[in-house]
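Once you scroll down, you'll see the structures, which are given as structure tokens.
Here chain A shows up in two complexes: once beside chain B, once beside chain C.
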Partner chain A sequence: MNVAPLSRRPLGCLKTALRQSRQQNALVCRSMATATATSQSAPGLARLPDHNFYQLKDSKTKKLRSAFAVYQTPMVKTEPDPKKVVKRLPRNAPRVPAEKLPGFLIPPPDPMPMLHATQIARMDPTGARTALLAKTRQGARPGDILMVTHRRGGEPFSGVCMSIRRAGIDSAVLLRTHLNKVGVEMWYKVYNKNVAGIEIVKRARKRARRARLTYLRQPKHDMGSVSEIVAQWKKTRKIMSTRGGGQKGGKGKAKPAKK
Partner chain B sequence: MLQLKSLINCIDNSGAAVVECIQIIGQKKLASIGDRIVVVVQKQSPGHAAGMSASSSSGKVKRGDMRHAVVVRTKQRVTRRDGSVVRFDDNACVLINKAGDPVGTRVNGIVGQELRKRKWSKILSMAPMQA
Partner chain C sequence: MAPRLPARCWRQLQTHHHQQSTITTLVRPRASSPPTTTLLLPRTTTRGVKYGWSTLSPRAKVTRFNQVTAGLPAPTTGPAAALKRRERTTPVRAGVLAIKKGMTAFMGKAGARIPCTVLQLDRVQTVANKTRAKNGYFAVQVGLGEKSADNVTAPLLGYFEAKGIAPKRELAEFKVRDASGLLPVGVQLLPDWFHVGQWVDVRANSRGMGFAGGMKRHGFKGQEASHGNSKNHRTIGTVGPSQGGGSRVYPGKKMPGRMGNERVTMQNLPVLMVDNDLGIVVVKGCVAGPKGCVVKIQDAVKKPPPPQKFVEHSRKVLEERFPDAEEVLEAARKRHLELKEARREGRIEQLLAAGVIQEAAAASPIPGDASVVY
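Entry: the complex of A and B
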């Protein structure tokens, strides 16, 4: 039946891998995903099935890459014959921890921090954006007045920081101000490349005792427009004269104002 | 997130102050910024209401008039393609005629940038600011 060559059956290799994992089920707690970029020959590892499905060669780096997470097959000495019925190991067979098996790497329990770190390193090579989010004296805090400059031009948006969402690469700040007597709130992603810069115009006089200042929406606590404060700050910084405001952040730098 | 019976501020100088949504044009349940809706004028702006009794032939809208409108601000958050989100403190619209031209000659207040994508360039050019 299965006379078609392997190249015509793109999922054939997957089948083999699944079969092998089924066979090793009793021995191995679980198999793991590696990074999506795979090196061709890792010492001590079983080679990936030689197949087009996996082998997408990057034209620049000449490295093999794959759009899919590639599951490492466990070390097997001989390829099981697909025609033979694979026998399962008995349930009460002694369990060998995965780290003791040759060729196994224990995956991190939570891969997300690593993913966020790599993405942040790419989006923020200078570390300025990360410094803004840091819970230090230099970082922004709820209650501060921030100014966000866009890369695409347009007027910078400034407002009171209502909350800071620290979520890795998705980190964002919520700003509120009044424009033409209408309250406007904006969420800005800190690591967005379109956000050329985020500057701290004015620090909160007292530390806010809440993480989210949603009470600023109430008329009693509303701070209104921040345009006067920002204009005053701009005058002192003397960036009104040139296009310094937009140009400064043009190289993907967030500039927390020093105090 | 505007639907049937929603009361919306009208921010142009057409003479309407508060309008009520009676229909959303297009296969939609909820209107957002840039959507076209059908409204009924519920309240006239004070200056126009006074002038209306004296001269009704000003060409502006009256209470009970049924008009088309474009939503320009919503209280519901609107997410943009780059992940930023905008939210206004009120719901606002601008009245238009059937052809899509604004009834008023002036827009008093900020409008959402989503209008640009929806090609409401006449309203955008009338607005003092966009966010």
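Entry: the complex of A and C
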């Protein structure tokens, strides 16, 4: 190349420049304005998915050593509707015939929130249970005294809320009280159907400065039995309610107690 | 005792050489006259290039005994016997790779709570088939996710180039019972490959605990806190008997060492939910390993396989979704051979410069842009 006569040099430069620009065209990211045209030129290649070339270069000389075609998966991003309730089809349900996919389905990177949303929509259509767990003024907080009524009757369990475990459909509250002068702690899954309702009997006087009030287990801080507070609250509720007999926990609803 | 020749050998002999051939001469050809021996010995040579040759000694070919036609029982050892033995415990269909996303629970209408694990199938594709003729067994190679070409070695880049698929993050093989379990290459396996209610085996590597002591790793009791114990509260104590036991440590003695990060299979987990949109398969119970680990899901070995109707259906769905998988593979193979030739001859640079890349890039949009829908 160096021995080429000077007169041929400019043309050679032009050729190189053109070649470079051709390469650049292919490698550099194109702007959105240029539309993609499917290549119909080569009939054998029409079926091939789109591909680019990965170039292996010599580390010292920076010359192209080799190149491999790297294919791209034609992709379709799935955008599931969070409000959509996933139906669990029975085993013998007629199956929907499959269609040709336009590409590969790429699932969302984190399916858990969407899965929780569908499950919660199924288990808590009124949103009462979700409201109890919400970090709002109406929601329960550690330090509050809660009363849980069971679906199959039985004595409601009340106690001080020691912690709230927020885990989507698996969310739970930990209540502590004393029964027969023995400390008792119970975990309740908020979205479980066995829990008919959770009511806030008494708010904590001050906001607890811990998320988990494990210190309540120490004799110094133990609140003891909450039965008296609950009994008092039940009495006031009876007086305030217009209907006689007093309602025992909303059916499947957790309503915040009015003070 | 020398083996007796079958009657058809010497009957012919008798007809030709009545006067001299007897049974004794047949059994001992050395003792017989020259014309008899020439008749007895085969005239065709058995060792020559045109009859095939082998570096093994002729006696080393084990299959010369116990042929199918010999009327003997089928061999209980060897590749064929091994495959036959494992037939019942080899799943009919291939499995999939997935990523463990975490645990949650299903709440039943009657108050039941079912703990479950969410496994996500991220761009799971079939990559290759292994056949009995070529590899000695039937299996489907499946890939998961995607990997930047920067992190893939050149041999693997060539491998994926020949398949016409993007480099995969993980590759794994799933053995299948027979050729009917093999799948078209390059198709995507979605969660509906499984059906709700079926049983699966889920394999994953457990969490690595690092170098753990005997108490944690094997549940040894440790040693007492006092009574003269000095700085040996969690040590494992003695490792073997004294002179009577050989004064040595027996092989396999449980000792401190690396704990966890080993393959754990959870068998017979029921599938609770499959969702193509979320790309998830939810199985009952727990699965080994941390969140984000790669797991293998396949039809349970110890339960009856999914009903034949479903097996056929799942297969048909695959073919309907990706009807031109074969053609794509064939085109990719052709292109791979061209490129391979060019690489070997050092023409790849010219090829790229001359417009192969142009043609390829004409159809390819911005590399790595996932949001483009084709």
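Note that the second predicted complex is superposed on the first by the 140 of 259 C-alpha atoms of A that agree within 3 Å, B and C clash if a C-alpha of one lies under 4 Å from a C-alpha of the other, contacts with A are read in each partner's own complex, and residues count from 1 in each chain.
Throughout what follows, a residue touches a chain if its C-beta (ideal position, glycine included) is under 8 Å from a C-beta of that chain, and two chains touch if they have at least 3 such contacts.
Just so it is clear, the model here is predicted, and its values are computed rather than measured.
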Touching partner for A:F157 - first (chain B), second (chain C), both, neither: first
Dominant contact partner of chain A by residue count, chain C or chain B: C
Which of chain B and chain C A:E228 touches, first, second, both or neither: neither
Partner chain(s) touched by A:Q119 [first = chain B, second = chain C, both, neither]: second
First, second, both or neither for A:L179, with chain B first and chain C second: first
Touching partner for A:W187 - first (chain B), second (chain C), both, neither: first
Contacts on chain A seen with chain B and repeated with chain C across the two complexes: 170, 189, 192, 194
Residue ranges of chain A touching chain C (in the complex, touch as defined): 19, 22-23, 25-27, 29-30, 36-39, 41-42, 44-56, 64, 66-78, 80, 86, 88-89, 91, 95, 97-108, 110-112, 114-116, 119, 123, 151, 167-170, 189, 191-194
Residue ranges of chain B touching chain A (in the complex, touch as defined): 73, 77, 82-90, 92, 108-110, 128-129, 131
Residues of chain A that touch chain B when the two form their complex: 157, 170, 172, 179-189, 192, 194, 217
Touching residues on chain C, where the partner in the complex is chain A: 101-102, 104-111, 113, 118, 120-123, 125, 146, 149-150, 154, 157-158, 160-161, 164-167, 188, 190, 195-197, 273, 275-280, 282, 313, 316-317, 320-324, 327-328, 330-332, 334-336, 339, 343, 348-349, 352-353, 355, 357-367, 370-374
